[in-house]
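The first chain written gets the first letter, and so on, giving A, B, C and D; residue counts start at 1 in each chain.
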């Protein structure tokens, strides 16, 4: 049993009058994961999604450091120094767990066997390009980990992020200004103000202009504490914010 | 096929030369061969190229190697951690080179070296800075990058049990890079919790066959 | 993640369609899923492409599929055996196509399909008839051939034990192609000697994680 | 214990007055395998080498269908239907055995981890090209198995064969007339009349003419029931049959 398990019923259905807080957002994501799925939850905010998965959803968690069937975060006596998740946090085993080496683990991901992965992001473009590994700061020490593998490997790549940067710039953009993690890979974006679907198939790359292909299609699934007109004003013109 | 059984970690790493390329298993703490790393430091080896997932955290293990400036170059996926101060300082001082590679490509490149694969096309990294200058190819409508194998002179690996034939088993997520690094290095040196007689590891459960192991040393972990 | 537990082999293979590409595990007798093959024959499925190491021996298993002309095309490494009379006859009559591939390239191509590798360079086969028309490349002074993945609609696999989560273990050399085929097919159907409760297979010893398994059926082998 | 084990001392040292019979040839090969080696013995005549390995040589046998540490051929109650060698013959386990799947098994071979493999052959060229998978008969059903992988994968590829075809043609040739299995891969050839070393590094391919590279170098290690002058008359001019 997961002591961190929370009631999944708290996931709001459809539009809400208030923006979603972190746990509400995690609950919305959790409720959208299909029963019986295998999921990989990225480091940081996406990890919180695990707390909102219902036992009856039977979701199996993959961690890229070599484990399928990850349990909850380990506490006290549960801590085993040989058992950590991708964030290097001690975790437990779930029922049906198995272990494998890193090449097998990334084969599992790259081969399309993970149903969904949920990642944080600096930016997502309307074409589904993802930026989440590098701020572009030339002084930064670059580190990528499994971000690029996760972005392109899962059947569906979902992003959880704040809609705006600290200085008020929308993070759902026409084209990335941050270095790309993967191109055309994101199919859904969860933010506190809205959830978006992105149709796959188009990507630009680092700062690429429109490539003349078909128009990107971003649609709003739900809004939270904001009306669609306001949302449209914040976002690139190609985001369709009208009624579903 | 018999593994050499070293009495001490110092004896196990005695043959590692200055300038060697050394793979080091581990993802964070699990699987990191701390005793072998310390022995390698004590041996005085320098000018090393280290292939590992991380570039060390805290003050022990790989971080200590970096701190003592024994490492000329690091090939890894994730050097920057909250406690990677030794790498950060060396990197900013221009005293260590970095080749950054996505974690799955790192693993697959190591696997390719051990498996005799000349190169492979992977979708990971396509269109990013980490694929700049690399060959690309569209296969079945998907963009791929051509990646080449990563081999090493020496692999330092941590495992759970090893038998006299060199067969290894691991524990939980400490398995991580051990099996593929053991196969990708000319010489593989393994620290284990316990060395057992050949036959005491069920053949069906062997993760690293003894063919990949040269030297075993038993270390009693605290 | 739960495997479907089929009551019978017939139920397990009911979804296999005419024209499907079917991987079949086994090297000789060990690992060949005889019950699933018989059930597939009884289902009437035809016009199949079979990917397997051999093209059947004797009168059972794959040989029976060939004999009944259910197989349009075989991808394998070693069709000709002392007892491959059914394949031999079908081949000479022009009633089955053959794509011959070296055994290790066959295995690596299947592995690549499951691992999301777009293509790979292998030294095997360079300069031979089996590499005619294929791209080549010199890497580190060694000639290589470019090989592409082999995927399938369905894998029929034989294993020793499977748990309700779909985790599998094998026995001795019956392991052969099972683990890589399970990963390379859209749907993987496995016959096992015994289905056990989840938790009864030690996690460290799982060879095929349940993520690769769709359907299990228990068969009592004589 | 291997009931098939024979006395390895029967391997003749150096030249002999008589041609070697099958078991003598196998004994010569066995005696040449370095202590502690991992070896793969091909189907047919090379399998016989196992019977002549001394226990103190500590040679480990690999079989490409997924086993390291193969024991002797199984008899009676030892037969296990799940345990066969590459020739699909029931075998036993040796001490320290391990099992793995086919991709791992051929990775072990292709990655250069097998010290020596011993194969039969239709032809070997003076450049070390090997032909052992296909007679060239257009009516034959082609089958290759692991032959091409074995030829190029092991650290050393040795051939055991009769020196002549049934109609008296030497099988050590200037250039292959049979379809190639691998190019420039054979470093030693054991026949009933002589043992040859081939320097690596040159190959021609199917019926290729001299490519202008350095001359192939084949040297005779030992002769058996024939003098070197006679041997030279049988073989291509580039084979150096003089005294070692």
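Throughout what follows, contacts are C-beta pairs under 8 Å (C-beta built on N, C-alpha and C of every residue); 3 or more make two chains touch, one makes a residue touch a chain.
Source: prediction; values computed, not measured.
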Query = Moving only between chains that touch, what is the shortest number of steps from subunit A to subunit C?
reply = 1
Ask   = More C-beta contacts across B-D or across A-B?
value = A-B
Key: Rounded Å distance, subunit A centre to subunit D centre (Cα mean)   = 55
Request  = Please compute the C-alpha centroid of subunit B, do the same for subunit D, then give the distance between them in whole Å.
outcome  = 35
Ask   = Between subunit B and subunit C, what is the gap in Å from one C-alpha centre to the other?
value = 33
Request  = Using mean C-alpha positions as chain centres, tell me how far subunit A is from subunit B in Å, no decimals.
outcome  = 30
Query = Which subunit C residues sit where two or more other chains touch them?
reply = 108, 111, 115-117, 122-123, 170-172, 204
Ask   = Which residues belonging to subunit A are in contact with no fewer than two other chains?
value = 93, 99-100, 107, 109-110, 153
Inquiry  = Can you work out from the touch definition every pair of chains that touches here?
reply    = A-B, A-C, B-C, B-D, C-D
Key: Residues of subunit D defined as touching subunit C within the complex   = 63-67, 80-85, 88, 93, 99-103, 105-107, 109-110, 129, 134, 140-149, 152-153, 179-183, 203, 205-206
Ask   = Okay, in this complex, where on subunit A does subunit C touch?
value = 36, 38, 58, 60, 62, 68-69, 93, 95-100, 107-114, 153
Query = Given the complex with subunit A, which residues does subunit B contribute to the contact?
reply = 27-31, 53, 77-81, 84, 87-88, 91-92, 98, 100-108, 110-111, 122-130, 143, 170-180, 207
Key: subunit C to subunit A touching residues, read off their complex   = 1-2, 111, 113-117, 163-165, 167, 183, 198-199, 203-204, 206, 209-212
Remark   = subunit B partner, complex, touching residues on subunit C are 108, 112, 115-123, 137, 139-140, 142, 144, 148, 169-172, 202, 204-205
